[in-house]
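Going in written order, the chains are labelled A, B, C and D, and every chain counts its residues from 1.
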Amino acid sequence: MKFRGVVPPVVTPLTADGALDVVSFERSINRMIDAGVDGLFVLGSSGEVVFSDDARRREVIENAIRIVAGRVPVMVGVIDMTTKRCIEHARVAKELGADAIVATAPFYAILGPKEIKRHFRLIHDAVDLPLFAYDIPVCVHTKLSPALILELARDGVLAGVKDSSGDDVSFRFLTQARDEEGLDLVLLSGHEVVVDGAYMSHADGSVPGLANVDPVVYVEQWRAYQEGDWDRVRELQDQATRLMRIVQVTSGETGYAAGVGAFKTALMLLGVFETNTMPEPVLALEGENVEAVAQVLRSVGLLK
Amino acid sequence: MKFRGVVPPVVTPLTADGALDVVSFERSINRMIDAGVDGLFVLGSSGEVVFSDDARRREVIENAIRIVAGRVPVMVGVIDMTTKRCIEHARVAKELGADAIVATAPFYAILGPKEIKRHFRLIHDAVDLPLFAYDIPVCVHTKLSPALILELARDGVLAGVKDSSGDDVSFRFLTQARDEEGLDLVLLSGHEVVVDGAYMSHADGSVPGLANVDPVVYVEQWRAYQEGDWDRVRELQDQATRLMRIVQVTSGETGYAAGVGAFKTALMLLGVFETNTMPEPVLALEGENVEAVAQVLRSVGLLK
Amino acid sequence: MKFRGVVPPVVTPLTADGALDVVSFERSINRMIDAGVDGLFVLGSSGEVVFSDDARRREVIENAIRIVAGRVPVMVGVIDMTTKRCIEHARVAKELGADAIVATAPFYAILGPKEIKRHFRLIHDAVDLPLFAYDIPVCVHTKLSPALILELARDGVLAGVKDSSGDDVSFRFLTQARDEEGLDLVLLSGHEVVVDGAYMSHADGSVPGLANVDPVVYVEQWRAYQEGDWDRVRELQDQATRLMRIVQVTSGETGYAAGVGAFKTALMLLGVFETNTMPEPVLALEGENVEAVAQVLRSVGLLK
Amino acid sequence: MKFRGVVPPVVTPLTADGALDVVSFERSINRMIDAGVDGLFVLGSSGEVVFSDDARRREVIENAIRIVAGRVPVMVGVIDMTTKRCIEHARVAKELGADAIVATAPFYAILGPKEIKRHFRLIHDAVDLPLFAYDIPVCVHTKLSPALILELARDGVLAGVKDSSGDDVSFRFLTQARDEEGLDLVLLSGHEVVVDGAYMSHADGSVPGLANVDPVVYVEQWRAYQEGDWDRVRELQDQATRLMRIVQVTSGETGYAAGVGAFKTALMLLGVFETNTMPEPVLALEGENVEAVAQVLRSVGLLK
C-alpha cells in the first residue's frame, strides 16, 4: 500500500497578486517532507482546486512533482463538475507524473448512484493511475455509501477513499467490510480533530489540512499508532485539536474563508508562506482575525 | 428591457458518439424562433453546461450565435465553480457575440454572502455584458436572498435574475421590492409548470426548459398575459403541465437523467433531434422509458 | 365541498401570564367571520398547537366552537409526534364538535412512506371526521408526495390537503391529477403571498395566517377569483404581500418568533388582541420591533 | 459524577396488542444491570418516547424505577415538542423517582438559539433534577453548538449531554473546552459503532442502543477503557460493530422501523422479549427480515 500514514492536502500559497508563490510552496512542501509525512495530496479542496483554472492546476502539479522529486508519493485532485473535465485533468496529472488521482462524485447536476458509479468507472478506464474517491458531501452534496464504494473496489475501479464525510459510523462499517472481504482499498480520514478515532476505526492514514501548519504532530501520532501507543495517539490528537482552534477564533468569516483562511494565515505567521492571500472571491484574514490566529499559535507554543 | 418574455434554455443535442449535433441544434433553435420565443439561453443547466469542456462550450456558443443570427438576443451561461473560471467563460461569450451572461453563485467551496457578492461584482467588472444571476439552490446549495439581489441590482452589477429557486414566496417579495424601488432588474422564472403564477407575481418572463419540446404553448401564454387574458394563461399552463409529465413517467431514473433525458427523448420522438444521447456519465432513456415519454406526447396531441 | 375559500389558521391570543385570552379570541374570530371567511382552522402551526398541552388544546377548541356557533365550519389541528397521540386529540376534537381534523405526517421519529400512509389510515379509521393532511416539510421534515396523497384520497382516507410545502410545482401536478381522476379532494394553499398563483393552480382555497391580521383582503381576493377577475386577484395579492412584510422587518428574531410574533403584534396594535404574548420559550416582540410592525401597518393604511 | 460509563437507552417491549410487556421489560432491565451497566435511560428515542402517550410514559417510568430499585441511576426522557409539555413530563419523572431528565431542543416549531437556551433554562428552573441535553439533529433538526452547551453548563442549567449528533468533530471541541474550563458537564456519546473514538475524545461514557441486545460488550469496553487497554477497547468495538449490522440487513425498511425494529427482533430471538411488536404506525419486522437478523446474531455467536 503506497498511500498509508499522513498524507496532507497541500495548501497552495499565493503571492499578493494571486500568482502561485513557488518559493513558499517549496518551503512548505519541504517542511512537511522533512517532518516525515508519508505522501502529499495536491489540488484538494484546501489546495483550492476549484479556484484554479487549467493553467494554474498544471503549474501546481508541475511544481509539486519537481519539488517532491520522488521523496514521497503524490496524489493529485482532478476535481471538476462532471466526467469529461475530470478525465482531462487526470490525463494532465498522469502526464506530469502523479502517483494517484483523486475525484469526487459529480456535482451541480443532480445525479444518482448509477451515474456516480459510471463516473468513477469512466475516469478509471481513461487514465491508468490509482483512483481515490473523495467522499465530501458538504461540497458535492452526495454521500458515497459503503455499498457503492465496496462495489467499485471489488471491480478494481477504486484504489482508496479519502473520507471527509464526517460520517464516522459509515466509515467504521466501511473499514470493517473492507477487512472482512480482504479488499485492497486504502481508507484515509480527512478529519483533523478525530484522527485518533479514525485509527481506532482501522483507517490506513489521515489527510489532515492542519498538517500544513503542524506536520510533526500528525507524523508523531501516526508513529505512535504504528507502535500501539494509544495514549500518545490521543495526547497528540488533543494537541492538534488545540491548534485547530485557529479555524474557530475569527469573526465575520465562515466556511472556506475561515478554514483555509486560517491555515494560510498561520503559515504566514510561521514564516512558511509570504502572504495569506486567498483566491477570488475570498479575501484574506485581516487585522484582529490575524491576531486571533496568532494567539492560538502562541498558546500551543508554535509562535513566540 | 431586452430579455422579456419566453427565453428557453436551449437543450444541447448530441450525436450518438457524443459530439455536438449541429444539424439538430439548428433545427431546434429555428423551431423555437419560428414559434416566436423572445430570446434564447444557451449553456444553462439543461443545456448541459457543466458537462461541457471549454471546447464544447465554445462550439455551442459559436453555433448558437451563427444560427440565431440576431433574430433574438442570446444569453450564455458562464457557470463554473468559482470566479476565475466564470470570467474566462464570460470573456469567450463576449468575444463570440453573446448579448448577456448568466452566472450562479460559486459552488463546491463553502462561501458566504460576502464572497457571493464579490463573485458577481468581479464578473461584472471583468466583462462588459449584462449579467444575470442564476438562482438555483438545488444545484449550488445557496439561495440568493432578495436583499443580496437588490443590493447588486442597485449597484448596477446585476441586470436580471433567472429564478430556479422554487421559492415562489421569496420571488414575490423580490418582484415587489424591485417595483417599489423602480430598479431596472429583469426577473425571469424557470419553473415550467407554474409560469402563470410567476406572471401573477410580476415576472418579466420565463425560462422554461419544456419550451424546447413545445415552444408554442409558452409563446401563446406570454401573449395571452400581455393581453391580460388570464383564463387563457391558465389554460395554456394546464396544457404545458400535462406535457411536463414526460419527466415523471420514466422509472429507474432520477434528477438530470429523468429531466433532461425526457426532454431529449421527446425531441427525438418529435424528429427535432437525431438522438437522445446524454452526456457522460448519464445514459439516454431506453426501451419502456422512451415509450412512456411517447405516450405522454400522444396524450397531448404532439405525436400521432 | 365544505371547506372551500378562505380558511384562516386562527392565531391564539394569550394574556400576559400565558393563559388563553378568551375575549381577544372571540373578538378575532368574530372579526374574521364578519369579514366573510369560509371556515376557520384552529390549532394549526400558527395557532401554536405544539406549544399547547392537552388542557389548552381542549380550551381552544371548546371556545372556538362556542364562538363560531355554526356560522362557518371549523377544522381542528390534531398535530402530534405519532399516531396514538393524534388519535387522542382527534377524539377530543370530534367530541367537542369539530367539522374536520388536520394531521401532519409523524415527526421526530424517522419514518418512511409506508408508515406515513399507515399513520393517516389509522387516524381516519379511529375517528369519523373528514381528515386533512397538513403538508409542512419545514416542520416535519417529510414532503407528502402527490402519489401518496392521491393514493390516500382514492381510498377515502383523506378529504383534503393543507399545502404549506412551498413546492408549487408539486402542488400543480397534484391539482391536475386530482382533476383528471375526478377525486373528491380539497386542496388548500397555505402560502399567503402567492395565493393568486395557487388559484391559477386550481386550489380550492387558501389558509393564510395573515388573514388574522387582514381577513378582508383574502375574502375579496377569493370573491374576485370566483368572478374570474384575475387582475383584481393579483392586485389584492400585491396588497397582502405588502402587509406580509411585518414578518420581515424585525431584527434579531427568526422563524416562529418573527412570524407568529409579528401576527400577534399586529393584532395587538390593531386592538384585536390585548397582548402580543408568545408561548414559552418564545418571547414577544418588543420596542423597535413593535414599531417596525406598526410602520408596515401604517404604510398599508391599516393603522393611523 | 453519577452518570459515567455505559448507560443504555432502554428499548420498550410491547405485547402483541401494543401494551407494555412488563415481564419482558423486567427481564431486559435485569439482564443489563446484571451485565454491569452504569445507568439506564428510559423513554429515549429508541425507548419509543414519542410514540408513548402520557399514561404509557408514566407506566414505563414507574416500572423502570420499581425494577431497577436503586441498583443504578435512571435517566428519564422528557422529550416533547415544546417547553410546557417537557416540564409536565419532567414533573412526572421527578415524582416517580428519576435521577435525571433528558430533553431535546424544541422541534416542529422553527426556533433559534435564543429560544432553545430559554427552553432548557425553563425546564431546569421548573424541576429540580439534573438536566441532560439530548443533541439529536436527525430528529429535531437543530444541532446544539458547543458554545450554546458550554454557556448553559457554566450557568448550571445543564448537567450533561447525550450526543447523538453524529458530529464527532464538534464533540471533540466540546470535550476539550469542557476540560480546559474545568466545567462539571457529563458528555456521553450515543453512537454505538464508534464508542472507542468517543472514549479517545474524552467522553464520560456511552448510551448505546445496541447494549440492549449485547450489554456485555459495552460494559467490557468501558472497563478496558478505564484500565487503559485501548487495543481491547477497539477489539470490543469491532465486535459490537459486527453485531450492529442487524440494522442494515433488512430490506424494505428504513429509519426507526429498521433500527429499533432490528433491536426488538434480536431481543425476541434471544428470548429477552416476547414479541418484536413496534408502536403504531410502525410494523414489526417479519419473515426474511427476522431471519436476516437471526443470521447476524448467529454469525457473532449470540444465537445458536
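For the reader, a short list of remarks on this structure follows.
As a convention for this text, a contact is a pair of C-beta atoms (placed from the backbone, for glycine too) under 8 Å apart; a residue touches a chain by one contact, two chains touch by 3 or more.
To keep track of the chains, here are their UniProt names: A, B, C, D = Dihydrodipicolinate synthase family protein.
For clarity, every value in this text was computed on a predicted model and none was experimentally measured.
With centres defined by CA atoms alone, the chain at the far end from chain C is A.
Chain pairs B-C and C-D differ in how many C-beta pairs they share in contact, with the greater number at C-D.
With each centre defined as the average position of its C-alpha atoms, the distance from chain B to chain D rounds to 49 Å. A separation of 35 Å divides the Cα centre of chain C from that of chain D.
Residues of chain C in contact with at least two other chains: none.
Across the whole structure, chains are in contact as follows: A-B, A-D, B-C, C-D. On chain D, the positions that touch chain C within their shared complex are 45, 50-54, 56, 79-85, 88, 106-112, 114-116, 118-119, 121-122, 138-141, 253-257, 279-283. Only residues 166-169, 172-173, 176, 191, 193-194, 196-198, 200-201, 228, 230-231, 233-234, 237-238, 241-242, 244-245, 248 of chain C touch chain B when the two sit together in their complex.
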